[in-house]
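One structure below.
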């Protein structure tokens, strides 16, 4: 019988749902040594969090995260709240010796992120940041290939993350557009992903130069409660985060990087695109076709070279064995199942290090902050 | 509190897993009036079925389907066994007044299928055949568009289902390659899907002409227990089903149809492809990119026409609201969740008719059989 | 200095233009031993043919093809007229000992085609049928690969040719829609191409079963002179050719074939698509992206397999050396330049056989006719 | 009868061939008022240029460009030489009152480019820079759409130009890799194209920040005469141009720009990719599929939105009427035919301004130089 661990989930919106599903499914698709128990979910709006608790089968709900963190029967604190509360919750959870998985970006800034790293290091618990895309099988495969030298020496990393959900100027001023809640806009939300993937696939970034722009500066305030689905009211308010953030980078190993995040690319819904070019080959990944990896192998025979469209659905591919036969695709949510799989796997194994952890989160934060500084001072900035 | 119904699942392999996951998840992603309880799972190999029971969280297991069917506390019999046992189980379940969902193809032949239809009609229960692809959102959308006249009068239906999993002549002689267990090969397994989709999107088929071929006629017998993952032994046996089955069709409404199923198309893993051309537009669907529907609208302005790549991940698209934001894709398993959603929805609503039902399954069987006859007699055959 | 040969071109519409351009360009892109001289172009409408002569730089024009065939200074007769006149012109040209290149399909029927083959064989001249797609570099490459065994034993040939230019019921009744001028509709115009490619890539066809359909049976007569660009008048007339023709085939080597031609696939402009599956690999070709060949190699290493998108623009690829650097694509017209290159190359080398020749054209005609017969009698017909 | 003008072509390699073909074909595909005469071609290597003269049907050849410029019967000087000689030839040609078309980039630097602009302005002749991609029909269509407001206010311009032809470290040190001949590497060769397209589609650039990198710093000297096809010898030499150049930009109208040129992207042969996002729609263009334009129209009805794959081969599309029916694609060389068409059209019409002209070339040069400066000083630089 698998050992059980009790999860306390803080936050019950988009990420709360994705994480709940992962806890629900991970021990079904995989033979895990630990079975996560959906013990308690926490949010500020009692009615809403109660409805969520029922829907997703959590045992209890609470409106006070401190109470959850304080409970002795809780083994893991899962932080799926807006960015502004990550630090406080994480530090408290670490003090309470809970294992922690935290949504990205780790914090509002480097200072907070450092505090969090200090806290988890001192507490000697398992900590992870939920950069779920590392565990999209196609990207895990890309990592395997790069580590095995199949791409040779890396020359270029090109990361884009294009969306369009706020391109309409009448879209309301939701919390994600306010600096005090979100820290930043497209930058922290989207660039954080492609920076983390850059660290994963290529390595550390040495210096950056960038620009950030708020394209629509004033928007209608939400008529009701805020949120992605909120409707616009009549009053206007100021957008205090970036709509787009672009930067160039030099990696420590000499690779050249190009990054772009925007919420103003009409037609791009979840348009993450990663391309890596090396001396022996190239790979291209597009999130909206996340079961595919394009791979160009320079060593293929003359006249037969071309980007291969690998359907990353073979049993030999990372994480696939738990799922379906070749060609039967998985979806967005499975990247969370795979992440939770490895998180609870680390707990089960008594390993303290599972990547990406809070230090990886801090590293992303340093890059985010260096880009912000660069965009203010107008020149290259060391990370 | 949602009303609960108890499920008895017969079969625990590929389809058993897909159905288990659907029962697990349906009331999470959707607000259902009924909550399915994973009550009992049944299979012949006690050890294996017990392991499955634990893995997927069924309350009990059994090795005798008759016992399951006989239990008073079971509301639904889910038939996920090989084709050869569908008829017997379904007829017994109908007699026991259980609601039934049955994997496709419905039966081994038209005679069996008729018996099943008679039984369920007499029993006045809810019956459904699990042609799950009708509820891939992109195909549900295609249906909506066709029903709304957006494609105009239909001229062509082109359905292909190409795979390659037995292209290796050393792949063992698993049960799917024996007529006594599977009824037919690519024909019943794959053509049944694209015939059902043809019925769904276009309408009834009037006549067919076709050919069926066994490309590799002898294969090594499996060394251990048979199954898709079995290894090859030294002894050889005869393949008694088709490897490929192609046919042309005329629909009652005049549409021209072209169908092909094969397990010998190297590189095609789950290569289902549907194209429909009408007087006002066309649609194209590819299962390996199941979140996309290509749509050509003849009425677009001159010089701006082109196939649109619709990402069927918008809240307005069928079934999507339960899942994720635009551009965050779903996978193969969600077609089962959607199917089960509508199946239990029909039970909840006291509606006896949810499509596709056993009559739809019978209709597919008639087409399959007409093609088989045509391939024997070498001429067009009325359905 | 290259030897010159004088061309007499009969026909000056779509094909006349494509051939004129080929004669103009072939000795520029390639080092040819023979330089074709655009000597005389012939058509029935004196004013129009004179305008064409000026435009494309032919030395002279004529309105009487017999006069052209009779001229001693003419070495090659190029037959680019509607199908109904191919036979008469070709037989006369052969008698006059001219080398002949003839547009496809070769003739109105097998009887005519035989007459033509007899005539050219007796005359001992170089004869070619302009199935230009054999010399699209991607298809020439496919042939090389198949001949080299890279696809192994062939299992499936899937050929489609989908267009939409007459899908509008008000499109006028141009000559291509009248049996007396065109012989057949989509069948002779489009299926002839994919049958020839089947012969080229796979081999001879043994038997076929098919259906042909005239979807729009009456259309407005053209208001002015007929032709593809004609406008519709008020009077109506009967369409006497097929709009769509589909058939299944067995090749002599056991390969299974599926063919479809239609002019009623909205959104498909020049939608030719060829797929060949063999025991070692597969290839896919799409004419609208004619510089690309998709190639799946079964022998690629585990977990790295996928269809390769070969850009057939490398110097090592067929015909490419004459053109541009990798990635700089060629277009439709280059398939004619390549064809004429090999045609005049055969003349220069004193070789009588260049493929596809009139015998290949006759072979296509036999398949076309067998399909027509099958569609009448409703059963399989031997070719 | 069309008026004739005599062309003097300086340079006979890659661009000399592309231009020769354009002069050969332009009056065939289009009804031009002027017919260009391939009068004289000029190059330093007498034997080679003579062979080229024969191959491409020029009346004469010369090894002294000054002599060609001085000839009274020459109307147009076409400068297709390496960049280092553009300025001297153009200034001389302008003094001699010849119309000029010059390959890109216009010059080695801004100072030279200014001299050239001064000279052509004083001479009052027609001058054009051969940024041929403006006249790829898909990009001309994109321009039409942007000018018509179909994309609304522009937010983003993303231009990439990725190649791989020198990714092999043993590729020899050809002239394009030496600063004294080429001015710069990927930057001038590739970025010049996507900068010009940015000017064409979006408008003027205000400031830039960038980086340039020489990835392989030493290479074998060519064993024979230099050139793209040269073989490597044993001696090594220093690469004095960039291999990759990336930059960010702000346009005067507020659009954000991202540019990248590299010759180290394995698998990318001619990987130019342009994306423009505006408030009403987006377009995407890829040069290797240059007959296609992807277009997302925000105003499409709900649930039916998606990038349209426009095949830019309709008669209503720019330049297409001269060529082939829908779906019959054109190639790389046709962008030159279209360019020459408009160049000689301007001469015929007595219009002095045809775009892009030398001022456009100067504008590109200013951006190139600003990026170079930025890469030295490490901060944003005004153009």
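Order of writing sets the chain letters: A, B, C and D. Residues in each chain are counted from 1.
The rule we apply is simple: contacts are C-beta pairs under 8 Å (C-beta built on N, C-alpha and C of every residue); 3 or more make two chains touch, one makes a residue touch a chain.
It should be emphasised that the depicted structure is a prediction, and the values quoted were computed from it without experimental measurement.
Between chain A and chain D, the least number of touching-chain steps is 1. Among the remaining chains, those touching chain C as well as chain D are A, B.
Look at the CA centroids: the one farthest from the centroid of chain C belongs to A. Rounded to whole angstrom, the centroid-to-centroid distance between chain B and chain C, based on C-alpha atoms, equals 41 Å.
In terms of their C-alpha centroids, the spacing between chain A and chain C amounts to 54 Å. Chain A and chain B have centres, each the mean of its CA atoms, that are 35 Å apart. Shared contact sites, meaning residues of chain A that touch two or more other chains, fall at 268, 305-307, 311.
Residues 141, 293-295, 297, 300, 302-311, 314, 316-317 of chain C touch chain A in their complex. Every residue of chain C that touches chain B in the complex is listed here, in rising order: 155-156, 158, 160, 162, 164, 167, 169, 209-211, 213, 215, 244, 246-248, 250, 256, 258, 260, 262, 264-268, 275, 277-282, 296, 298, 305-307, 378-380. Within the complex, the chain D residues that touch chain C are 14, 18, 20-21, 24-25, 27-29, 31, 55-57, 163, 165, 228, 268-271, 287-291, 311, 313, 323-334.
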